[in-house]
């Protein structure tokens, strides 16, 4: 920045403001000692008219203003407005409060001097200038929140880098079958958005990539991204699938949450974006043992598969960061009383979601897990259908032994799953065990009422234990309303597992200099007022990484996060007041 | 002076399967007939002049300037004459609904020849035909062989058998329109491109219909004209009565509507709606005011005879121009 | 039509298509059709060389129509359209035949599949013959925004937009800004004074040079379409005419009036108050009974008017947490008092809420559960000898006992309901209401702030009851949409719209009601209907309902589809 | 019937050692997990609910707390850390106080000063009796040989002087009997009070007279075996508890009924039935004491995490009694008459208050209440069964 | 040679066409007799298209749209339903069996349902035999 910063100090008249006070000493101190070029001691006239204030600021070419005196925050807003109008950031107005009034002028002049000096020193020490704001944005996480935020910004004609750690965008939502309460098919509404991301020229999509480090300041970050080796060329792969067909290495599919197998060269799911294959190096025989390489032989495109490809670090300069890293589901093996991992037909809700999904392992048929010839427990079309299914709410949520928070969505998705069971197996009996039924959103209570009428047994009482009993599964719970012990024999148990903060949250928070709350979610800067902003201007959070929420709230948050970014870029003034808490702190930069 | 020197136009009028109304409409020119005769010679008009088919056959090709062909093609005679007149005529005009779209005779396509014969020669209550005699195309008598035209299974419009230059729609066409057209030809005004409909408006009936129209075309129950108390002012469709007006060309003078009867569609469709019945069916379907399947069915049942209603004058011209089962009996 | 030159390209898609369809035969079979200049097959049409091939042919053979027979147009239609554009041809002179998803992947007989593929390609060739060049259209966006409602949502949206330097007109029907939050003093679960952010926010809104605040104002009329609205705003006796590009409706909601619920005796029994009245007491810092004594027992009844078969079926979403907040606030003010919570399900979802529930339950709060289906709590006056004013009778569900709760003060957690003016405003701006009278959003999942009318957004509680942060989030989300369009300067409107041939239109007005977007209007002066092509989304319903054939859908014209049917049905010459 | 809720009960329960029970949000996890709970006795949740709502009359009628043996699993897995098991413990104390018509139990539980004073006074009385009425023989220390029998053991009945010292044993025996009578009086009256509260006050049931006899075996059986305890998942508690129970009962019976048989001058051989029983009982007591003490100090287990003062007093008293008893035995065998005398006095000074206070008024009372609770509970069940049958027949 | 029905299916772009694509990507098998024509909305489908298909020799016609309430354009599918009922009545009058025309709701996720529908429609038409309307109409005399 070539132009020198011009700081002005305005001494605000006391409220009521009739008596004049002698500020001489302070003014001398400011002018001679602190070398402040502009000192305004009569503020009443100044603040009487907003235009006068603007004129004064423009006239003196003030780039920063210190409001001092008694309760100067009275004038904070108008001054901020004036600064905004004059083309400066709102945070260029700071406060040096006299505290107990002008009495202090006599008793504690030294203290006042110190405080003013400190404020000025702080202001001068601020080296950050945001005039070279980078208009690009990086969005971390390619779930629905990341997709929405990216599209929102890209539609404004701005550049977005969308970084996703897995091979495709889509996140958890892509795994779901239907969404509550409208029972829209999740893929139907999500895939068009994914395709849009893939096709939008403003979005630079980086899948299979992870954030390594972040440096720089708000407005000018350098984000280092590790592009993991896909070993399949994104440009030339035509997604024909021949390689995958012939690949001999089989591993469990992450997308199907382990209910099926995939190959070492694979496409995460058929509608993946980008619709290209990638090689899972850990399981590839060629990479591990240099034996095989059959994919290269069958690939119809020349030089498409390249085993020599290495991870690559790239640096992306951006101005804003949007975090949309989502969540992980609770590891149900921890809740040992439910026998997950030991009893084959105890599933997590996510597994069940895949099971009932038409694109899942059985093509949408609900069947029991059976043993194949090799002894693996798998889902196979044609296996017997469960006749009774139990659903347990709050697994890993609202539980001091695991997570104290409520995962918000489980009640509703459990009701949805119960409905889908009834839809696919009308004769099946469904038993749902809940603690409090949290049907909170638009149309949710209505959905709950509808489910109640579908003949699903909805029982208040948390299941305490799930045990195996003669090939069936025994669920033991207390029916609180009926006041009895329920020992229900079922064929399948679905554990409505809660949401947990992602493993990498802590590291991410450290890297970005933002905070986590006591449960490990990213902390917003104000729980009510600034739900998508963080302590660090330039970094916004969206979606479940901030706390459990349903899809509409996630989408709204993503858009809201995008709003802040677009706003900053549009206004050209980088970090307007909205990024910071409105709490007042004395003798500190207030914005 | 020059007009007198010009050779007079040669004019022919012929009827196929028709009621004769069209010919009457030609006669309806009344005193203007003198103007016509002044400008043209009538060389062929079976109902008015005694000119034999063989006389026509003897004419050189293109001898006749204008032929007004009315009636649809129902039998081999109509077919033969249509072809003959086409050869002999410079401008062949499909005159009236029947030759234009099939008209009322076109409704014969709901039945097969056999069904028609059965009805006419056997089943009618007043028929006494114990020997079950039916017309034969050839019949030998002592004097020689007698022949009758073959009664076709299918009714066709004129343009389905020969190329037609212009269409003059109506059942019957408005005489004023005929005179206008004729005068245009006589005065040598620039003629519209072949294939055009002449003597009618480009826009459909509603354009000039004086009844009040709003967008409130929501029908909960279809009514026959006598089931409503017509205020004489509101659009028939808004009163639940099917009116073919929107899918029918204007130009007829709105006689039906002025007579408080809904339009039946004799003037045929506007240019971009080749199948007026389908178009109208589509529009009427949209107007049904219900989203409930059972209720929709009930409302639809209120239309007693959709095919007959929507295709009263245009069945042979429709996308599906005849009933399916009929041929199987043949 | 004589100069039509069609190029046909049949894709192998590796073996995906070629395995089941004899692509060479397909290319040959259609090669001799009218207007087909060249017909080729290629391994991967979507690949760069494939697209290059098309571009080269267009230039060399002066093709002016292209048919690609490959996968679903949903996947690659855009790809090939771009290729056409690169070759200098209009993108819409292109048609795809889907012989992968619809043929090779679903059929098992190679001969049959090939036959069907040929039919589909013929259909596409027939159709493309009638394609017309279409131009992408955009309409300019007026950068000003109208926001209706000066509550937290409206103000947040206003600031979000104004801070990006764009003009905002904020309408508030009351005298002052703040909406329902004027009556709320602290947030849950953090107990932050709402004035902490409401007051600065109000100041910001009132001072911001980019925001014009109109209080006691209503929107009377609205004309125009996205990017170009004109509104008539009533302020006092004046009516202003204002132009703006987008609208955010943030008109909020109103609390339920419990007076009709006889069991609570609200309005009849003293000391039965609504949550808002308690909020007022908390604001003044004194909780007192009617006789000015301090209450010792405070009962809070949840779900008043919500989750009820008689009143509102929906859950008002915020009352549970507000009730917990009150418990804490009451106990802070009256540390020796006892609080009773009569709840149905404790809906403590959201960040920090479950934790607040746990913390509250450790205080002097007795939680009692009731079920509306099992009878509502009944309040009666206590006898003079009792140590309380009121007695609440209720079937307690967790114990199964019928109990009696003594209380000095009963707080009814009234639910929320839509404003009575919501319907009228909705009609003015073109948003429909859902069953419970709240505004309906475009898509409940993926488009929670947009509405079916482009350029009109909803945010905050007028869409459904919401807490503060969700309202603000929604407001900002709506602002994001608007900022994006403003930044772009224009919005793209549907290309494949319907249009009326006014030479034919007879003005029967059948089409007007058919349009779900209100895009068709009858122009009385010209006696024809006209399509506002900015509003039209191209569904084609009007085209089909037009009895005269005056309306046609671009890119889905009658001719195009009928020819496609003909092509598809063309009998294959049996070999 | 409408019951008034009473949040005041909470304050009362806090004095009996109540922790965070209000955390409970009634998910029913504890009840569903408990192997002892039945549809008729849904605990711990039902009890928590009644306690939370302050329905003390219902609680007094409810015997569920006695049916719980505090394995602690419920508290372990409680999603809200509400300690349902501990609440059961608190309710047992509260019920003990409720059954006790004298009001002493409440005082002992809620005021430590009362309990300590009571123990102190009784101990002082015992010591005073010995000091003033039965002092040691004059030459007990100087001439120990005189007090040894043939086997070299202390002649226990000859070590005192004072009035009528040759009837020393009879005094002790009489004292034992008086003590037994006192506690029996208190216990029986308390149990009658319990009967009143549990059976008579519960208007919902009418006990068929026959059942009192047909169900009686349960009382004896459960008293003897603690069979219900064995249904808890962790069997080691049951073993310890059974050892304690049987040992204690044996010793108690022996000193009350058979004191003249074994407080004799000669030392019986080790295989004598008295000694074998005595050793078994001592072992049982010591096993339990060591196990519990370590557990409570380490708070190793859910049931031992919260130790109410009454728990410690009980352990300490029992421990001291046992140790002093062992010492008496050792000193007797090794021929140390003076030591025998003093430890004997100390033994009695601990034993008597322990029995007088703990058995009728405090923790030890569950010894009686538990089997009676089971008995009463079955009476109620029988009543309900009959009522159902009658109803069924009527239908 | 066995009779192979020719069936034209009109599919709405948003639900049914996507559903048919899903049947494809899921490799569900159905008979090759179904030939699909894409329309933006089932509300675009009127008698003209249906009759044209029959006229061109189709033995059966299928119309598929979004489920009621799910229409991408709000209620085009209801418009379609109304017209469908009327067309049904008309084709019956014209001697075409009503079973030859079928309206079904197929959502974007119902690939399987689409395949099943295609299968059952083909069977129904095969049962009915060829629709002779085209040849009948071409026979003049």
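Here the chain labels run A, B, C, D and E in written order, and each chain numbers its own residues starting at 1.
Criterion: a contact is a pair of C-beta atoms (placed from the backbone, for glycine too) under 8 Å apart; a residue touches a chain by one contact, two chains touch by 3 or more.
Not measured: the values here are computed from a predicted model.
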### Task
Determine the shortest chain-contact distance, in steps, between chain B and chain C.
1
### Chain of greatest Cα-centre distance to chain C
D
## Note on the structure
Chains joined by the largest number of C-beta pairs are A-C
#### Entry: Chain whose Cα centroid lies nearest the overall Cα centroid
C
### Per Cα centroids, the chain farthest from chain A
B
### Query
Could you state the distance in Å from the CA-based centre of chain A to that of chain C?
22
### Query
How big is the gap, in whole Å, between where the Cα atoms of chain A centre and where those of chain B centre?
71
### Query
Quick one: chain C and chain E, Cα centre-to-centre, how many Å?
32
### Task
Let me have the rounded angstrom distance from the C-alpha centre of chain D over to the C-alpha centre of chain E, please.
84
#### Entry: chain B residues counted as touching two or more neighbouring chains
279, 282, 285-286
### Query
Tell me, which residues of chain E touch at least two other chains?
18, 25, 46, 48, 52, 75, 79, 83
#### Entry: Residues within chain D bordering two or more other chains
25-26, 46, 80
### Task
Go ahead and list every pair of chains that touch.
A-C, A-D, A-E, B-C, B-E, C-D, C-E
### Interface residues, chain E side, partner chain A - complex
15, 18, 22, 25-26, 70, 107-112
### Message
So in the complex, the part of chain A that touches chain D is made up of which residues?
### Response
337, 394, 398-401, 435-436, 460-465, 476-480, 483-486
### Query
For chain B, which residues count as touching chain E in their complex?
76, 110, 150, 152-154, 156, 275, 277-279, 281-282, 284-286, 288, 290-291, 293, 296-297, 300-301, 303, 305-308, 310, 318-328
### Query
So in the complex, which bits of chain A are touching chain C?
50, 77-78, 80-81, 84-85, 144, 148, 152-153, 155-158, 179, 181-182, 184, 189-190, 193, 195, 199, 235-236, 238, 240-242, 275, 300-301, 398, 404-406, 408, 436-446, 449, 460, 480-481, 483, 517-518, 521, 524, 526-532, 546-549, 551-553, 555-564, 566-568, 570-572, 576-578, 582-583
#### Entry: chain C-facing residues of chain D, complex
1-5, 7, 20, 22-26, 46, 49-50, 52-55, 58, 80
